[in-house]
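These are the structures in question, set out in turn.
Two complexes come next, and they have one chain in common, subunit A, joined by subunit B in the first and subunit C in the second.
Up next, the complex of A and B:
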């Protein structure tokens, strides 16, 4: 008899414990997101901190109950920069009931764009390629496109060049559409009135020495090299320019070449690769950097500390990119819930399209407000120029809007 | 041959014709028919997710591509490390045309079987062209020649506006009896189409190997001087092997484009060429079952490594990124172990299983 009572007690306690642990799960809804990106393979240097940014912000949203008793589940999968794997991950997430997709590479986004349109799912990509906005109305760029950032650098040169006549520039670009599309927009801006003399276009290879290239550019009187590529070729170029004594340490230094670039050319990884040769490099992006004092730096570093990230990740602008992508998704869900609507792909899409005017979203991590509408798929449309000074990026002036590009 | 063609328990061939039969016994034929029926019927009884269908379709496409690679590397003994480029030629035949005439042009979406054949033809033309150095080159030198083709292909796709400079070229949804194949049926539809193509190609390869042309490949591989003395033309045989390999690769490429609804250069890089080679080696070079087993094994291994990496990421220290390293490490290790302990590939396991079952119930 005694043994039986003990048995009942065990059963009752087990059931009670089971109910207690299952209670939070049934109390609030769980929203299914999904992210596929290159944590290994090509561009993983950017993808890795990006994934940590997404992961940390989703954990933060759940921990601080931004959505009340509702939770977000956002599995993050490595696609090794392979479109086929991204597609597989996407289909898997859809099977799990995904309502918002966080994507990565330009190629994968282009490949999946027809699917995004068909299943009508809002997507925030890590790629800021302007072609994505045309590929599907469901793709929302978080910040200014590569083209905007590149033309932004060019406009800055056109406006601030002090020498006589029109500034002579060379384009140093990635040998792919990633490099060529912004160059095409640069030429369109020239046609629209931007006064710059494009002397030469260089599609770089994997050269380990750029001495001949630099000598040639100097002989043609090039004063500015505008880069649209990734960090490592820029670092090689900067190192060679420093060795040859050709790199300007201040903007437009006479007799020297000022090196400038957009988004993926800069960041702390460039400083790590180029060392002192990075001094004087000018860079545009729409993100804040942790080398500038401000509430965004405190917040980003606090987030990294809270989730035990190393210094490199904590100070990476790619970490900020990831956090902001997750922020947009969480904010869209929050607003949809607040409006008393059911959170679905369709309502999230509507919410994003209404994110303008008074309803524009302000993130600490970007230099401007984020606005979307049925005709505007680019979140932050302002860019900030930074320059490397004493081993860190410092802001130059205020964020600005482009004159020659809409 | 045994008088009883239902249960042969030994080798009773009395002439070459018997030896060259596709199915040695009725049991073999019956098993094959049942296997084929299962492949066609299972999606009707089990509901598979899009992800699962996508994986299976990828395996089947790789099977078609590896048929070709196995012909050139396994049967003809010519190393090719540019096979993904041949697949790319087929893919870009469809995608390039779609870019020129429109993604939803009737030729693309209605006459897609013709497009698949045309892609195979284009692959064969490129295969023949790339195979020309094989008339003079052997071994590593030939490998470098195929590698060059891989490089030239990548460069061409990435630089030519005709191919959208390597960016994705979309292809419309195809039509079938009853209208356009929608998203809900897309993977299901292509499963059957790719399966049909894979079966036809498999039978074609099997038949080829029974013919004098197939035997030529093996003869040239084993000793090209002896083959020459026997009246074969080793040079032309090698070019012909590359042509066939190009055809199968081209067909696989077209299927890839239709299944993924577009083509981008990322799917046809050197990495993919190496992966195809790994599939052929793990499956078993110079064997037809190897072309089926290799892709299945490599894809399954890749998926398992993904799961292992994801699972280990939950407890391994984040700062070292060990979880992400596990995947390539594990993948590489399994292939190396395979090469060390079973160089004849999985086809050898299949052979052992078959010979074990073949003698039943009179094993000893």
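Up next, the complex of A and C:
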């Protein structure tokens, strides 16, 4: 009797152990992603809504079973804009079996690019710095680079300037590679035939009053100021231009200066900082904005509502950026599974490289189709010009491709 | 000539705001010989309190402004009571290290609120049309900044020169043990110095926030931006903060107006104040108005 009980116990334990170990297979596979970004510290005004976008889209993918039984686990860690912390997060994620990395800052991506290449992991950064595409073949920019956006506003000026002669422009840039690299591409576009007269390059500091700068630019006949920096210095510049009566409220208004800028100079944060002084500011990005009616706005706001985000986050283009980064990763996994392949870093990399032609990916959040290949690491290559009108950004014309920059 | 006068006006405006921001450093150093590294965070905190009271609670902005100064007055006093009171008599470097820790704590607290990573601007409450005279213009925000700075600096100067508590604070600054021997409560003086620094920081934060918009990184960085002003004026001199602030403001505006963009120069407005600071310190190591202490060995 005792022997029978023991045998029975062994059978029960074996079955239980078998069930326990087979449980993950029943629940479906879990794909490990990772994201490191500045939720606090410098640039967290962009990083915070970006992280919420990633979090919400991953939850959405899991909730709506985009991958069927499979799930995505994407831990999001704050790196406070410090490269050393990003590296530590990245290595921790690798230890957890990460197959796709969502990264953030230009500097951290440049520093980690050799690591990305070494471990052969696909990466979507929040930075749209064009140098990243050269730094590692595993970095895929979601939209047009800062350079493309900056040259985009410049091309718009060259094409639409109504005054006599060549338009006179000044560059107002961040005193770092983030500001300087697009300016170098601007000069390359000039050399390639873009007709603009670059009168002065201003690398800004922390100025409380830009009267001297603005009056100097006006005395040199500058008609357009093209900004490549973050919102805060642009807001101060716009406030001073409004005070001095120099800010154009319509494009190319005679006797005034039209202020324009690329990606991180604009968005609702600029309006929040500059208030009415932001009226007439022109801005390029490849994202849709929620101040324009369309299915993208409905979808973005519905997502924000579903995951209980506040209005500011819901209408932030950085929230859209985060969602689109996660969308690309999820889509790559979905397509890899659909092709019947095992989802690994290598197969995801191949899937991304095949995202072109009739396999191009279309997201509601961007103004064009997203294409990648072995030689194309920039997803959406079109840019859209927006202008602040009655306190919100409105589209100006249709999205366009650049003539002087490939 | 209009251009020149515009630069002078802009320089005075910027200098006044620098002076007000620097005042918090001076007030604490004057009484306790401590440099408060967390001053930028208190400036930012003051600005956010004004916004929260105005937008979230719906108070008129003028009342929010005064209320913010009162709140930071007590907050700064509490900070001194909780974190720094125990360090009286300890080496100054220990106290400065605590203020570095305090900076991290305040950063963390602010990041827990929406202000840590969101941008805001105050509701418009002043006319947007600037005041112009002979082609020289100044915005109402800037004018208000200059007026508030003048009032606060005048009030603090009077306080330190004429009031009993102010004189007690100067006595503590000169010699803590001697001050205690004549019945002055050193802990009370330290608490009051921190409280007044908090009050001035809130005023500075509200004014800067009205010019730049409310961005934590920008506002918090002001603690460091005004550091050359504090050093140039002399760490323990209120009038020094004013003079140095205006000097720095004028240098920046003239550099931006006459040097930048010419002869291949750029960014001189950011560098020149530091060069001049170094030159002046070569001849006046305690700053323009700082106390020259003679140590007898």
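Assume the second predicted complex is superposed on the first by the 380 of 406 C-alpha atoms of A that agree within 3 Å, B and C clash if a C-alpha of one lies under 4 Å from a C-alpha of the other, contacts with A are read in each partner's own complex, and residues count from 1 in each chain.
In this text, a contact is a pair of C-beta atoms (placed from the backbone, for glycine too) under 8 Å apart; a residue touches a chain by one contact, two chains touch by 3 or more.
None of these values were measured; they are calculated from a predicted model.
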item	value
Which superposed partner A:106 touches (first subunit B, second subunit C, both, neither)	first
Touched partner set for A:201, first subunit B, second subunit C, both or neither	second
Which superposed partner A:115 touches (first subunit B, second subunit C, both, neither)	first
First (subunit B), second (subunit C), both or neither touched by A:175	both
Touched partner set for A:88, first subunit B, second subunit C, both or neither	first
Partner chain in contact with A:401 - subunit B first, subunit C second, else both or neither	neither
Which superposed partner A:39 touches (first subunit B, second subunit C, both, neither)	both
Which superposed partner A:71 touches (first subunit B, second subunit C, both, neither)	neither
Which superposed partner A:369 touches (first subunit B, second subunit C, both, neither)	neither
Per-residue touch tally on subunit A - higher for subunit B or for subunit C	C
Shared subunit A surface residues [contacts with subunit B and with subunit C]	39-40, 44, 48, 175, 310
Touching residues on subunit A, where the partner in the complex is subunit B	39-40, 44, 48, 52, 77-78, 81-84, 87-88, 91-92, 94-95, 106-107, 110-111, 113-115, 118-119, 131, 175-177, 180, 308-310
Partner subunit A, residues of subunit C touching it in the complex	3, 6-7, 9-10, 13-14, 17, 107-108, 111, 114, 116-121, 124, 128, 130, 137-139, 142, 208, 211-218, 221-222, 225, 252-254, 256-257, 260-261, 266-267, 269-270
Subunit A residues touching subunit C - in the complex, by the definition given at the top	39-40, 42-45, 47-49, 175, 200-203, 205-213, 215-217, 219-220, 231-232, 235-236, 239, 242-245, 269, 272-276, 310, 312
Contacting residues of subunit B [partner subunit A, same complex]	49-51, 54-55, 58, 158-159, 164-168, 170, 183, 260-262, 264-267, 306, 309-310, 318-319, 321, 324-325, 327-328
